[in-house]
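Here the structure comes first, spelled out in structure tokens, and everything after it is commentary.
Here the chain labels run A, B and C in written order, and each chain numbers its own residues starting at 1.
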Amino acid sequence: MTRLSMGWKRATAVALASVSLFSVAAASASAGEISVWVWDKAFNGDTMREAGAIYTAAHPETTFNVDDTASQDDIRAKLQTQLLAGSTEGLPDIVLIQDDIAQKYLQSFPGAFEPLSDSIDMSVFAPYKVAAATHDGKSYSVPFDSGVTGLFYRSDYLEEAGFKAADLENITWDRLVEIGTEVKAKTGKQLLDLDLNDTGVIRMMMQSAGDWYFNADGSLHITDNAALKKALETYAKFYQADLVKPVSGWAEYTGAFTGGEVAVVPVGVWITATIKANADQSGKWGVAPIPRLDMEGSVNASNQGGSSWFLLSSSDNKEEAIDFFKTVWAGDKDFYQDILIKRGAVGSLLSAREGDAYKASDEFFGGAPVWQNFSTWLGQIPSVDYGTFTAEVDSAVQAQLPTIIQGGDIDAALQAINDQATQQMQ
Amino acid sequence: MAQARLARREHITGWAFIAPALILLGLFMIYPIVWSLWMSFQVGKGMNLSFGGFANIVRLTKDPVFLRALGNTFTFFIFQVPIMIVLALLFAVALNDATLKFRGFFRTAIFLPCATSLIAYSTVFKSMFAIDGVVNQTLMALHIIGGPISWLGDPFWAKVLIIMAITWRWTGYNMIFYLAALQNIDRSIYEAARIDGVPAWARFWYITIPMLKPVILFTTVISTIGTLQLFDEVANLTAGTGGPSDSTLTLSLYIYNLTFKFMPSFGYSATVSWVIVVLVGILSFLQFLVARDRKPS
Amino acid sequence: MTLALVRRGIVYLLLSIAAFVSIFPFYWMVVGASNTSADIIRGKTSLGSALLTNATAFFTQVDAVRIFWNSGVIAVVATVLTLAISSLAGYGFEMFRSRVRERIFGFLLLLLSVPFAAMMVPLFVMFSQAKLVNTFAAVILPTVASIFIIFYFRQTTKAFPTELRDAAKIDGLKEWQIFLFVYLPVMRSTYAAATIIVFMANWNNYLWPLVVLQTAENKTITLILSGLTAAYTPDYGLILFGTVLATLPTILIFFLLQRRFVEGMLGAVK
């Protein structure tokens, strides 16, 4: 009995002692320290750290605290909870947001983000990036990485099937299906890996025709969207020709092409680091322009992902942050050369493309001037308005994919997508 | 007189025991819940909210995604909870046998899944059930299936996979409650029954089950709630989409999407939350009715 | 006799299958911690030689001492408080029955089913007004009065022999003394099970800590691991090394407490 009550007392003592630990410093950033939320240490985390270091070298009183410990989904959840709660206490000064959801934040939370176009010249950045974060005539972001797409391919597999790099230049998706069929016959490899829970490829096809899910007034553009229809038809063709390795989730998706199981990967340029991480495959890869849809208006350039920096209105360090954006992100061309070489980050500052790093060739990709190519394609990406309901329509599209790949009627699927999205958008 | 005073004191002591919990619950649960109830009458996006009366409830009845999520949630509930409860009970009874060898090993092994981190387990499940994963290879080698099953790419098999995953993760968890409860049963009852020649199945059915009834009820209610709130497994195995084609989308995942992924419509997501509350209320009431408390007082 | 042997054989067979199925992902996790990321993605299931590399990478990228300290403090304090407050309430609800309290209890059970996502925004507003955002208190406080654990204690209290309480009363013990010196020792197996459950829940708690803990130095291991998996090129070797470390405390507690499930409790007291 006594032993037990002793144990109890000890437990209480421990509990009380710990209470003192409760008062760990609150989040409010100390003056002169700019806090930033990013989601990938090696890519946007280290890039932002480097940008911060450049600025701190010239302005020692301003330091940076880059937090890369949360995933992108987590950052969205944190940001949204606090904006909904109307509480700014735990928010950082700068947050990285993916372009296709920027409008959702700008329109749902008016006043939460600081307009930047008054103080920073936006014409120095790729126009489609600026457009994604422009609302009511003001731009709210400093563009970071471009999601310019390319068709990464295994040159060794294609060669085995008798194809040269030139055979992949400026082709249509339909032609890619033909090539894929031959490659499979010769090498036994599937053409590409696809995840039914991801609409990335469909969206890049659609954007290559300058189209998206919405009309200019924000209303749904689905049933009469020729580009979307064509994209879904193409998607179905991959499956009907049995050229797909089905995967689920990021690990399997990347595992399929880093493991040499598929011949091509149509994807945003930010995948470069993941592909190059497998040094033993050096020289076995190439990058071609992304195929276009077999329809008028579609070009061999598109976008997937890509993100930009947003400044929270609640920040105590707005002036420093804007000055930082101006001097480093909107002005320092050398910085952009550096992050391209070190991190494979293709920035959106147009003048940076003239730099040396962009002209270099890459032995991993058979000595091709890949960065020069990407920046050429970057200039050709059709601008689209991502609207505010992309996530809703995406999930409506996903709902139809299993039917579509089994040869279901595309028009019926478009109607179903339209109906579900209408319901979700109220 | 003295009797009344005693009853009064009993009464006060009763409140004293539950007071700390009630105060905390009032602050950290009831207050937010009332808030969300009020929110469920609001319509609009983000911060632009206005009173909408029953508009959200009307929206529910027309929302195909909600109806799909409701259907999926029920499917998971109906198939998964009974399988898991029965398995957990059988394991617990088997492991409670003092003559069984390696009990500690089996107990720990069966408990392991719920201690293993969600990240590790969803990654390994995905790789095991990949199209060329070890499960398909084994089934094909045994000629049980002709070609590989696309576990996460097929709406039917994805549901099956989720049911297997939850059962795998939570059976050992429920087993703990049964193991602990079995210790509260007086061994002499079994001895007496054995001497009287009562067979093992009858001892299980007429002694173990009735004695465990409060805990069985407890785990059933908890598992019902857990299944209706199912989120972790689905979110991790399907990259947060509930796919393919919403075939594994649960109400909780839908609420999460409405709050965090889509244009935030907080009022509507609060309404969906209340659907879960009403469902659990009905189901728990039925479960209590079935296992009516017959404690001799 | 042979029938009994066959039956025993079947029990062993089924338990072995269950144990194998249960252990495999855990085994895979441990093996993964010793392999490179590329090997893990390729599905290698044998021990590799990258354990040291993974460990070094983990300890350079993660401030492990600090992060585990955070997780530990949160989980231990929350467990102690939850067990204290919730077992009191469970005892109270079962031993002192009244119509009002029964109603309250039924109402609480209903609240148990409110999804957390629905309460998160209002809760955040509360903690932000109380200036408690980014403190451990904000993580712990909402979990302490657990309806789940109250319900558990109430259900197991039904098996608590009332004669013991009556006898103690005759001996002149006050109610709080009965709780501390009679009920608590008798219900050790219940407390042991609850400790495991509550510790695990707090150790793995995700959504709420994610939202209230803002700075990197206050985060828990669960949050850090989740962030690592979301990288563009996740290093699975490093991540699995981290998950092995993160799983150890729960398993350790289970090992320490599991014998509580084996000993007969009531028999020892009577």
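The rule is simple: contacts are C-beta pairs under 8 Å (C-beta built on N, C-alpha and C of every residue); 3 or more make two chains touch, one makes a residue touch a chain.
What you are looking at is a predicted structure, and each value in this text was computed from that prediction instead of being measured.
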Worksheet entry | Most remote chain, CA-based centroid, reference being chain B | A
Worksheet entry | Highest-count interface - the chain pair sharing the most C-beta contacts | B-C
Fill in: Whole-Å gap separating chain A and chain B, where each centre is the average of the chain's CA atoms
36
Worksheet item: Roughly how far is chain B from chain C, going centre to centre by Cα mean, in whole Å?
Response: 15
Worksheet item: For chain B, which residues are shared contacts with two or more other chains?
Response: 123, 127, 130, 259, 266
Worksheet, complete the sentence: Residues of chain C that touch two or more other chains sit at 120-122, 226, 229, 236
Worksheet item: Which chain A residues reach two or more other chains?
Response: 73, 77, 81, 84, 86, 250-251
Item to complete: Report the residues of chain C in contact with chain A in the complex, numbered from low to high.
Response: 38, 41-42, 61, 73, 76-77, 80-81, 120-122, 124-125, 128, 131, 133-137, 140, 180-181, 184-185, 207, 210-212, 214-216, 218-219, 223-224, 226-227, 229-234, 236
Fill in: chain A-facing residues of chain B, complex
45-48, 59, 62-65, 123, 126-127, 130-131, 150, 152-155, 237-241, 243-247, 257, 259-264, 266
Worksheet entry | Residue ranges of chain A touching chain B (in the complex, touch as defined) | 73, 76-77, 80-81, 83-84, 86, 104, 107-110, 195-198, 245-252, 388-389, 391-392, 395, 398-403, 419-420, 423-426
Worksheet, complete the sentence: So, in the complex, the side of chain A touching chain C is made of residues 1, 4-5, 8, 11-12, 14-15, 18-19, 21-27, 39-43, 67-74, 77-78, 81-82, 84-87, 89-90, 250-251, 254-255, 258-259, 270-271, 273-274, 277-278
Discussion item. Which stretch or stretches of chain B touch chain C in the complex?
Written reply: 10-11, 13-18, 20-25, 27-33, 35-36, 91, 94-95, 100, 103-121, 123-125, 127-128, 130, 133-134, 168, 172-173, 176-177, 179-181, 183-187, 211, 214-215, 217-218, 221-222, 225, 228-229, 251-252, 255-256, 259, 266, 269-270, 273-274, 276-277, 279-281, 284, 293, 295
